[in-house]
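What follows is a group of structures, each given as structure tokens.
Presented sequentially are two complexes of subunit A, the first with subunit B as partner and the second with subunit C.
Take a look at the complex of A and B:
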């Protein structure tokens, strides 16, 4: 197992190099000169030249990439053009916020989706199943910002309630933090739940069709023991795959929800970087999210072996 | 064994969705005829009004007719959805065919590049590309098109792998058909069923991403109407004119739902494993 993890980590190296090249290339394809774009139209040629030199933009692209990548290896993501602050500490600070939001959203999403998905599969074709399927289909068809905006609208219009503005960490003040995060987390959780619900339902339907389930039923087990004791673990793989993907997407895809609810997370940091044309920030932020995404996928593969001992690497 | 058309007609979901999609497409194409007003025309004395005889769904903060804006918004959404997926399908199919058919280093090279593209959450990669290219409709289409290439590459490659050693391909090779002919006329048509299903689902995803980008102010630029942009603008006025949020949300949900359900129904119709159920 340890060997497998090591092998996977090594095989990630070319992917990570590829990711860094891609991120670098995208943001250096900017038509026009980044320095003059960043400084705006009123900048003097001297100021532009100075910024070009301080950012290393006067060097060939390959040198620029190697300088940047070399810095990454020792944890130096460069400085923000806008504030002059180093980027990595800011990314990590913002990431803790996004992480709390993601975990709460996941908790809400799974809490709703897994029991309902199982119930829907057990009572397949019942009115409950039909309603669940309609709601789940709606859930994956409504954009998260629409759900979030409608939630905000409903709560402020009918209850006069707005989420607090200052962001608090869960470990500092759980109650206040819950007030901050609950709306964005529910918004993300609903979209998450819709996908998980569909996946749980179809995975269980497939498993419940198998011979060993018939055997378990024939032995006279009660239905819930069959479902929880026999079917659960055998249906878990596709659900875990989707869940892993979703957590990865949430970490990066929370941009919109963070923007909507003014949560200063990593997504908002990247977005501000784009608005302010602070390309080192965008570059560092996007790279960081992609790295986390890749590591989560690795984690999912490791969890497979724990859930299903038949999977050996 | 019924023909595809017979089975299609029997599938209620597929038929209903097709009708809904046809209506939306027609509305988008005929927008200049159907929409009562120009989507950017401002009626200053009718700002933030509710539904009325004059303005079917009410007006926004500049007194623009919401109904007209939603119909023109459909034009934008469908154009972005269909053209970006066309880009993804074209490049994805080409890469998938090459990787699946030739194997070896071509396969490794293409698939490693796709792995890299896959390592980004969609919206983030689209954001990064739009950040570099600048906002606007063409760049939004490009960004979403690029982001979706890996999915199609994987699907086509998988299909090609299962087809390329079948006897009919073998016989085409034996009678001396060119590689180009085998790839595009023998293999590709038989790999197109899963492609069609994924394309339908990808269009709904592309519309979602476009609306997200426009919501963030990085997609379609005002005053051009786009559903995401409309919702974003509406946030400041949501208590005064809830219709500004509710109607674009509804339009978007119906469109995306129709594409999703249509994709699901197509899968049931085209996939033999689903057919028996």
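Take a look at the complex of A and C:
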């Protein structure tokens, strides 16, 4: 097991190198230039030139890449070409915000999805099951910006309620933080829940058909003991896989929800970087997100062995 | 026994009193000694007031000589002052300079500075700082956007700490108006990185900047204008989504936010919120590359002008909340020519067809209109133009570009037709010379007309205002006739304002002049 984890961690190195080259190249292929975006349509060519030089953009691309990659080796993500602020502290600051939002959204999503998914599988083809499936379909189909905008405008219009405008951390003030994060988390949670619910339902349906479930029932166990005690762990693998992917994806920052609710998370940071062609910001941000994604997947693989001891690496 | 018990009780009581007394003392000291505590005392029972402004974008730095982004300007123009400023009718009035004198030949301008003005770090602002600031702007390495404003400057002299003399290469009648720009802010010479440290003389001081969240400025208690600013702090709360700003306004979490014409209508009936509007300095345009066939023929450009229905664009794109405009936006009442003097503003399809036929295109042609997808008004304007041009056989394809890509296209001087928005400068020299002179920095249309060049050059050097006005009138007519750009509509800007806010009267002179006069009820 230890060896397996080590091997996975070592395999991160080529992944990071690959991503860094890919991001750098794609970004520099995109038309647009940070200096002229910053100066806008009132700029003189000489002002643009001076700014390009001070941003270091007049150097050949390969030099720019090596400078950046060299910095990465010693943990230096570089500075924003617009504000001159170091990037790594900003990424970490925003990641903590995205992390809190993701965890709350996941909690809400699972809280809704898993019990309902199980119930729907146990009472398969009942009216309850049909209703749940329709709602799940709606949850997947309705885009999250629509849900978010409705929540925001509806609450402010009919109840005069609006979430606090300054972001607070859960460890500083849990009640205030809950008010800040609840609307975006519900918005994201609804979309998450729809997927997890469908996955839970189908995984349970499959498990409930298995021989050992029939044996468990034949022993005279009551139905809930069968479902929770025998079927739950055996159905968990596909659900965990999906949840891992979802969390990894959300930790990259849910751009639309962050934008709508002014949550200064990682996705918003990277998106702003793209608009302004702030190359180091986008490069550093994407690299960080990729790293998180890979690590979450590793974590999921480790959880597998705990859920299902038959899995060995 | 009883006595002993009483003694213990008393002792405990005394110790407790002493402790709690000490406790409250230490709790009071920091707030009493701090700035906020002092302000609280001044405000007496009312408590400090904080104005919350909903901002659309993150600022991208605070160096007034280097950062021209609107999201930054609205903040640093509260932190810094310039030599002059504009009143609400766009007249030049004293700023850091108390008075000024222009020599007979127009080539020497002497500014007499206000005495006793202090930077936020406590040092007095002197003529040396003015000299330093202008030299910094004129240094090509700074890459300042304002360098082109002051290209006439030859030398800057400092005869005494309160006098600055600008010697000019040629008379420059736009100098005074340009010196009011926030890009020409006076900065202290000892601060090397103004993006890291914002130190000005202005009504507000930088307090905190939380990127992606807010910028908080606090009142400068020593501001040189008595009674300003009217609030103790301003907080620019970054809310990028307009739906969110709308919800926040309704819930009273934001005091002031700029809104679109659509949202202004929606908010019109909301209790506790009033909508204020003003005629902006901006205008939308259709830019034409005069080097590209068939647009190199002025008759083709005029044909387009006759085919376009500007009033329809105003009704559809701007919901009627815009004015017809020439090359100088109508907000510049002293200079803008009435649009009735432009014959090609009458929609006349027959005349347009005839002009097109004379130019050799009786059946029209195919072309491309490029615009920025970031701004819905630009896309809608392009779509209106596409429809209207069909009437004379011009089939245009619309190409929507992402903002960075759009700027590249604008800069390339190789576009065909481009829909965009300009800000007509404070002085007509900007709107006419900078944008359309053969060597004008923003003349990306390859427009070159020696007669026009001569007119705007002469106007810049004219010291007599009457004569200047005449020259600019002629230049505006010539430009509209030649049509390297079609000037379409100058929109109104809207602010939604909470009822607790008093005295916020936005004008084309800029948000900062409205904000310093604003106060707020708690």
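Methods note: the second predicted complex is superposed on the first by the 280 of 313 C-alpha atoms of A that agree within 3 Å, B and C clash if a C-alpha of one lies under 4 Å from a C-alpha of the other, contacts with A are read in each partner's own complex, and residues count from 1 in each chain.
Here is the rule we go by: a contact is a pair of C-beta atoms (placed from the backbone, for glycine too) under 8 Å apart; a residue touches a chain by one contact, two chains touch by 3 or more.
Since this is a predicted model, take the numbers as computed values, not measurements.
Go through the superposed model and pick first if A:259 touches only subunit B, second if only subunit C, both, or neither.
Touch partners of A:259: subunit B and subunit C.
Could you tell me if A:162 is touching subunit B, subunit C, both of them or neither one (first, second, both, neither)?
second
Is A:153 contacted by the first partner subunit B, the second partner subunit C, both or neither?
The answer is both, since A:153 touches subunit B and subunit C.
Between subunit B (first) and subunit C (second), which, if any, makes contact with A:45: first, second, both or neither?
second
Regarding the shared-chain residue A:101, is it in contact with subunit B (first), subunit C (second), both, or neither?
neither
Have a look at where A:276 lands relative to subunit B and subunit C in the superposition and call it first, second, both or neither.
second
Of the residues on subunit A, which ones does subunit B touch that subunit C also touches?
30-31, 149, 152-153, 156-157, 259-260, 275
Could you pull out which subunit A residues touch subunit B in their complex?
Result: residues 14-15, 18-19, 22-23, 26-31, 137-138, 140-143, 145-146, 149-150, 152-153, 156-157, 248-249, 251-253, 255-256, 259-260, 270-271, 273-275, 279, 282, 286, 289-290, 293-294 of subunit A touch subunit B.
In their complex, what parts of subunit B are in touch with subunit A?
112-113, 115-117, 119-125, 127-129, 131-134, 204, 208, 211-212, 215-218, 228, 231-232, 234-235, 238-239, 242, 245-246, 248-249, 252-253, 256-257, 260-261
Note which residues of subunit C are touching subunit A in the complex, please.
52, 58, 60-61, 66-69, 140-145, 147-148, 193, 195-196, 210-214, 237-241, 243-244, 246-248, 250-254, 402-405, 407-408, 410-411, 420, 422-423, 441-442
Taking the touch rule as given, give the residues of subunit A at its contact with subunit C in the complex, in rising order.
Residues of subunit A touching subunit C: 30-33, 36-51, 54, 82-85, 90, 94, 149, 152-153, 155-157, 160-162, 165-167, 259-262, 264, 268-269, 272, 275-277.
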